[in-house]
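Structure, as structure tokens:
The chains carry the letters A, B, C, D, E and F, assigned in the order they are written, with residues numbered from 1 in each.
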């Protein structure tokens, strides 16, 4: 299995609901450094997993919907606890939709799985890893 | 699959037995920077893989049994070559026992697998990755 | 000149006022990974720059005043643009006050300068570096 | 599953053919920081995945064939687009051949899979991950 | 003294002339990860060292003159050994010229010194650090 | 001022004497990742701060005197508290002696200062920074 991974980041505010979150129930924020990994069993005819330029643009476009936002008021996230692991899934689904829409090029339809890793500090990260529908 | 990972470290002395270890047969030591990753197929009702506070406490409690110790004289490790990969397994088993004992909360029983990565320098690391008993 | 540096972090929300900040005028947040470096020309009688335990406690205590807070509503920061460089100075002043108050031990009075580095992402950091009053 | 990973690097020149590569069609270069991970289900009798000294030597020997070279003129790579993902595979195959030849020791025949990760910048990496023939 | 630092990178080919360079006399290449640090004794009225957006654009514009190039044929670098320390100086001078030309804003004229750090691998970096003309 | 920095590491055992060290009074150990920075105001005729090959060899030779050793029994360190800051100074003095002895080449006599940074974990490092005698 081959992988290609690109990195970008976003800076957001949010709060979390539930006693389990302790002081993180207060309005605070985070820098999320996001690693987006694409996988496929064989390279395309250019020896690529995916066009790295289109991959970076797609990640940027997805993170732009969160940049400098309060996630508590984000129309797509209302009523959700926007934990780091939940946000990894949001990025995954948004990139997967862009692949399906052909925005990463025709060759990107050969991508079989992805992993989104979201680092919230030097001590903690979360990830979502899944196959893509054929 | 979702992941949540926390980092901590411990500083130990030890020696290794066998010609394969060359100068590492002498008494020396290491800083082990430990990444403990929990995985599960679905998030719990709080959108969490595991309570990150309890996870960090569990890792700290496990590493505390090694902190500032000579592993050659550690009662649980006698007669073992305490290689980095072996130590990754020790951490895994100790955390797994804490999960089974309910110390990471009831929701943590939904964790399906873990990976313990132990970095011994900027050039080398070892890991142990396995499923948890249901 | 000798240095000793300890790392910790805090997660905050804030907004910035002024056209120069563009979208960062909106309420958002950041993870600040903070490196606190102490310097002195000679080591103390224990061969230390500072007691690393007390140093880490002091940094934790200072960052605790910001943890999971909206800096826009922080009583000590009202009316200020809480840029990363400004926050580096806040941490510096708060640690300096603790040294002067003896909280880092008598030997810490020998510290001659400090540097506070605040990393806001994998692409940007700010710092404040200054001498301490004798 | 146990892992042991060692790191090394190589610095090369190359160019890439095809419109998809944009300005990277020009002759340029890269530092490749390479992480070579070995995996096996059980440790050997020394509690090792692999002799780390032999593992590091093997990685060095493989990367030495690329060090300070223009890959466009490398006899083994003619006519290939030497993308980062393709180079990960080259390193994998060369290390696998050395294991099969017994250069990493008899115990290394117990290695079941490997992963080669090649970091080309702070923003991008590629990898190749596969099982070894029994 | 306050600092603000931004990071970017460039990928180049080059060769070095002189026996001291050994195999690096051959045509090869490097990824240069560049940290550009601006310093000033007091913040401006927005609590900034420099507009981080303009700073990042300036660094990008300077590195774009090297991106995907063979430095041996770069018109501004003919006859020079383009070592990492030499390249740090090139970036410094080019950014300094942009500050003097007002491209980083009027407030940037208050910047008193800069440091350019160029990382060529996980094992080596070079830097150039100097005051700016008043 | 120009800088050139090389990285290497060593793994040691030691204990520390004095109540201030708490549990670190027990025999334990550390991985020290060492960054050795050389500085000079002008480059030599090859556009170098120092021959990077000789610099790396010198650092390796100095660290080899500590590799896989118990510092409590090291003949040069008896009776000393081998704190991280103290060890930074030991490395500095040993490299300075090698420069003075001509082991880093004639051009290296132009080096005006050095900084030795010793990282003991992801949370703490120490350094020693000083001018070299002319």
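Structural remarks
Following the convention adopted for this analysis, contacts are C-beta pairs under 8 Å (C-beta built on N, C-alpha and C of every residue); 3 or more make two chains touch, one makes a residue touch a chain.
The model shown is predicted, which means the values in this text are computed figures rather than measured ones.
By number of C-beta pairs in contact, B-F leads over the other of B-F and B-D. Comparing mean CA positions across the assembly, the chain most remote from chain F is A. As for how the two copies chain A and chain B face one another, under half of their interface residue numbers coincide.
Distance between chain centres (mean CA atoms), chain D to chain E: 31 Å. Inter-chain spacing, taken between the CA centroids of chain E and chain F, is 27 Å.
Residues of chain F in contact with at least two other chains: 7, 122-123. The touching residues of chain E, counted against chain C in their complex, run 1-8, 43, 46-49, 51-53, 56, 105. Note for the complex: chain B touches chain F at residues 7, 9, 11-14, 23-24, 26-31, 33, 67-70, 120-123. Against chain F, in their complex, chain E makes its touches with residues 18, 20-22, 80-86, 88-89, 117, 122-130.
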